[in-house]
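After the structure tokens below, expect a handful of questions from me.
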Amino acid sequence: MIIERDTRVIVQGITGHQGRYHTRAMIDFGTRVVAGVTPGKGGELVDGVPVYDSVREAADEQGADMSVVFVPPRGAADSALEALDAGVRTVVIVTEHVPVHDAMDVIQYARLKRARVIGPNCPGIASPGRGKAGIMPNPIFTEGAVGVVSRSGTLTYEVVSSLSRAGLGQSTCLGIGGDPVVGTSFVDALRMFEDDGRTEKVVLIGEIGGTAEEEAAEFIRQKMTKPVVAYIAGLTAPPGRKMGHAGALVHRGRGTTRSKIEALEAAGASVATDPWSIAALVARAGRR
Amino acid sequence: MIIERDTRVIVQGITGHQGRYHTRAMIDFGTRVVAGVTPGKGGELVDGVPVYDSVREAADEQGADMSVVFVPPRGAADSALEALDAGVRTVVIVTEHVPVHDAMDVIQYARLKRARVIGPNCPGIASPGRGKAGIMPNPIFTEGAVGVVSRSGTLTYEVVSSLSRAGLGQSTCLGIGGDPVVGTSFVDALRMFEDDGRTEKVVLIGEIGGTAEEEAAEFIRQKMTKPVVAYIAGLTAPPGRKMGHAGALVHRGRGTTRSKIEALEAAGASVATDPWSIAALVARAGRR
Amino acid sequence: MLLEDQGKRLFRAHGIRVPEGRTIATAEQVPEAAGPVMVKALIPAGGRGKGGGVRRASGTAEARAAASALLGARVSGHTVRSVLVEEAVTVSREMYLSVSIDRSLGLPIIIASGSGGVDIELVGGPAFHRWTVHPFLGIREFHVRELTAALKLEGRESAVGDLLRSLWAVFTSLDCELVEVNPLILAADGELVAADAKVVINDDSLFRHPDLELPEPDGDGIEAAARSEGIVFVPLDGDIGVIANGAGLTMATMDALSAHGGRTGAFMDLGGTDDPARVRRAFELMAASGQKVVLINIFGAMTKCDTVAQGLLDALGGLDRSPATVVRLRGANEERAREMLLAKGIVAFPELEDAVREAVDRGAGK
Amino acid sequence: MLLEDQGKRLFRAHGIRVPEGRTIATAEQVPEAAGPVMVKALIPAGGRGKGGGVRRASGTAEARAAASALLGARVSGHTVRSVLVEEAVTVSREMYLSVSIDRSLGLPIIIASGSGGVDIELVGGPAFHRWTVHPFLGIREFHVRELTAALKLEGRESAVGDLLRSLWAVFTSLDCELVEVNPLILAADGELVAADAKVVINDDSLFRHPDLELPEPDGDGIEAAARSEGIVFVPLDGDIGVIANGAGLTMATMDALSAHGGRTGAFMDLGGTDDPARVRRAFELMAASGQKVVLINIFGAMTKCDTVAQGLLDALGGLDRSPATVVRLRGANEERAREMLLAKGIVAFPELEDAVREAVDRGAGK
């Protein structure tokens, strides 16, 4: 799903600290990282990966199906637009603190180009045994049939790690990002998991703020045949305060944990009350 | 193809001279004209068709799959964008002299909305026995299996009329418009005719300027199984002069009739040397 | 969020009519008023009206009294440092108009209502009209026509168009999350007047607006100090401080505490770091916030567990008194971190559940 | 298309450096020159260089002689009414840069070449780099980076960015079909200078630019008179004038004439009309253009055949001498029109082929 063994991945901002570190980790995960891009650094090598001055050059010479953007906030949108303009089909924006108007532009341009944006402010995607585009830690994963989708980073690692310890491997883990406006929604992810032959069960990790979980619940009710286990963080977060994520904000009474949990339960999802109970619920979850 | 018996058509600029005239003609053709739009004229009736102040209202109350725009050049793009924004799937822009930057905006917004624009500066579309959106004259058509696509207006009527006299009815006749930038290209039209169960043979009427016919030839060579008869106007037009249509301009040696005819013949199309020989070529054309 | 007077200056610069007014910091500065005036607390928060932060005065003396009462008072959780004194516009009708971002659609949205006195909590309800505006198109004539009809301002299309395009210009040029006019007034003289101005600028875009002076955030020194280090600190009313890395994990830890009978006293999202000094600073700030217990929950990825352990040990070594500290570590370099802590007598739990129970027990004074 | 001096004034207003120059209408107005100058014919057409319309002069006397030779002369089919005299920039390198519209893609396109002296006919060839620019995005930093590399102007990214954004601003704000700088000069002082300015404005957008003074179109009075009536008239070198309705039909009629041995003397696209007076005026203009034969080919749709017949009869009634007239009619009210014409002794052919043969025969004087 989204990333396969033969997906040609490029890294934008590959010569930075984060870019270098995660390029190594992606290669170790088995990802086909074919090129890096840093303007002015064309011709260098990072861990054996050739660096180009532009995505267009990288795409012309190496092919580029997917890009991971590690470029700082001021240049992140420009880099993502450059990738989309050069025909990259999936752009993962890891960068945190991307201006929200920039995010809207990038996401709408992707829509125009029939491409996909994941993020911004997201850990990316990992499909154990196939490839990874982003920053999720390699050791937590095992190959399997659980699809995981989440607005969070470390909480997701926590959950994936506990799934792996419980012998529940993952098909694909997708971090959609913690910003108010993101390119790939829960509903998009659920639709892909429902259609994905490798995925049997789905874990959805949400949090307060917005109505993405309520929309996910509606999709689960109407379209999902695969079982969904959900967990929503933020039950005790005070309203009106941003809780770390720009998107995690209960505003004018909307987006509470309570409304999300109720919607998901009404839609037939099992909702875990603690992160550590998720694995057990997944193990028990049957085909609906 | 594009317009069917149950397609709900609205008319933007319905209270103008052209709008009224062609609304009547579309209804006579059997088209389901459900509403008209003229800001400030909401509540009126034109030939029994209710008029609304906005597309949104018209769409909410009557449904709107398709719109025909008769609004003058200054407001044509705004009207088309309004229709696209309200969810109309196909917008036919009849208006001549739409600024080319406006046309680009409208076409790109349609792309974003996964909708179709036909035109600007086009006679629209007619599918005998099903419906018509545009200004082609009703009496020239007969129901049949010849698909016609053209950059021209009256020349198309001439050809359709001669096809009808020769007993060769039409499945759909699509006028893509004479401007340099149009929403639906020859290639788009050929692809639809190739997939259309009602169409057995295709007539393509081109003219000097641009490379749309050359691209059509490439598509015919690679993808078309149905026979194509072509005619290209402008063999004797002098280079560097706009011949009536803004798009009919041989510029810097590109877009000559000669190059178009050669490309089409090389692709296996039959090319007529006179408009009056088209019908005979169509009658003779076999499945390739 | 900008203060109302900043928002109104922006509006005026974009050609939007706002009431004549003056910002003052002491009651003596209240200008002589010819007629009735509004006296409004300048705080970066909505709901001031309900909180008593907006008063009407019939003349200068009343205005002074109102300013005097407001200055220095707490309104909606903020201390009032300045007030706006402005002409009271003679109202023919009150309306609502805003441009914001619809999260679900990921698009700007205009929300409008032709009837005044609307409860802002109901924005999105049936009394409100909504139009998404595509960022690639901006405001088009059809938006203006539809908004004019929705606001029942037929015949004033040109004024509505000017207003809407100006609000859009503020919204886009300043990277806003919200530009709200509530109420928008149809004045007795037939003009449209923005009687209030609520402008919320996207935090992540501030680098593009270096000249913009944002109001000092209220809140105590620890919050401000944490912010200056890029650490999110939110004070809460319990006694267990939670330090975790990542917003979701921090909230999940708080929720787990609560589910087991604990009460979180502060939320601290450490974010990603590979710098022990930063961890140390975070712990010191948390310790200074007066928590009885601090629960540290780290999942090591980019942030390594041993980095956190080192930072924590550095902090503890430098503090005279420190709160009871419960540590839970998972992930990269977890073993090494556990050994480092154990050498100093600190047990790091591998399971969150155990750490949560321990923290709750300590908080309850068991 | 704007004249070069107009284009350069636009460029300058957008911050683009252009050579210092002056527009003059007589050789006496040539300013005193300190060094070498360029003397350039101001005509709305490309290819002036090849046509001898651009001359270099080493000083004032040479410049006067060049201006004198150019003023009043015909260059590339246009009469030179004014010339531009400007400083000759010391060239370090010549380049090419334009923004235009790619018809196939329906998108704006930047075309650039780092090597000068390029043959403009080869634009799009391998020496040229091309980037579409999405109208919804405009110029972005990545375009600037790529253009800088393509022009081999590394280290001058900021100057390239300013230039490209300015050209884009001209292109979009003036509804251009083409904004071309050929050559773009890297001057000896290291600055980028637009040595030429070709700006083609989309005719259909002129209503948005009422202040723009376009050069008087050359061409004879009939062309201008037709244009003022919204009729397209193109003079050609044969003797059969073609009046038809619709661009495609008119061209097809010309082609058919040619295929049968005739030579078209003028193209006239009547467009759509339901006004006999307009048809009459069209025929009168065609008659005045001195054709031996006029072939009228009308397919009646919105334009009815009887309207055309009436207009034609009105015209013929008012003319002392008229060319031989061959009429072919099809479509709405065809029968009625044929009767109207027959009553005045004119046979209207139903088949185009027959009408074409008749017109060719008449043209050949048979």
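Details
Note that the chains take the letters A, B, C and D in the order they are written out, and that residue 1 is the start of every chain.
By definition in this document, a contact is a pair of C-beta atoms (placed from the backbone, for glycine too) under 8 Å apart; a residue touches a chain by one contact, two chains touch by 3 or more.
None of the values given here were measured: they were computed from a predicted structure.
Most remote chain with respect to chain B, judged by CA-atom centres, is C. Chain pair with the larger contact count among A-C and B-C is A-C, by C-beta pairs in contact.
Between chain A and chain C the centroid-to-centroid distance comes to 26 Å (mean Cα coordinates, whole Å). One finds 53 Å separating the Cα centroids of chain B and chain C. Centres computed as Cα averages put chain A at a distance of 43 Å from chain B. With centres taken as mean Cα positions, chain D sits 58 Å from chain C.
Under the contact definition stated at the top, the residues of chain D that touch 2 or more other chains are 134, 136-137. Residue positions of chain B touching 2 or more other chains: 105, 108, 112.
For chain C in complex with chain B, the residues that touch the partner chain are 134, 136-137, 140-142, 145-146, 149. On chain C, the positions that touch chain A within their shared complex are 101, 103-104, 106-108, 120-121, 123, 134-136, 172, 175, 177, 202-205, 207-208, 232, 234, 236, 244-252, 254-259, 264, 267, 269, 271, 299-302, 330-332, 351-353.
The touching residues of chain A, counted against chain B in their complex, run 108, 111-112. Residue ranges of chain A in contact with chain D, taken from their complex: 39, 53-56, 75, 78-79, 81-82, 85, 105, 108-109, 112. In the complex of the two chains, the chain A residues touching chain C come out as 18, 21, 73-74, 97-105, 107-108, 135-137, 139-140, 150-158, 161, 178, 180-183, 185, 205, 207-208, 210-212, 215, 231, 233-238, 241-248, 252-253, 257, 273-276.
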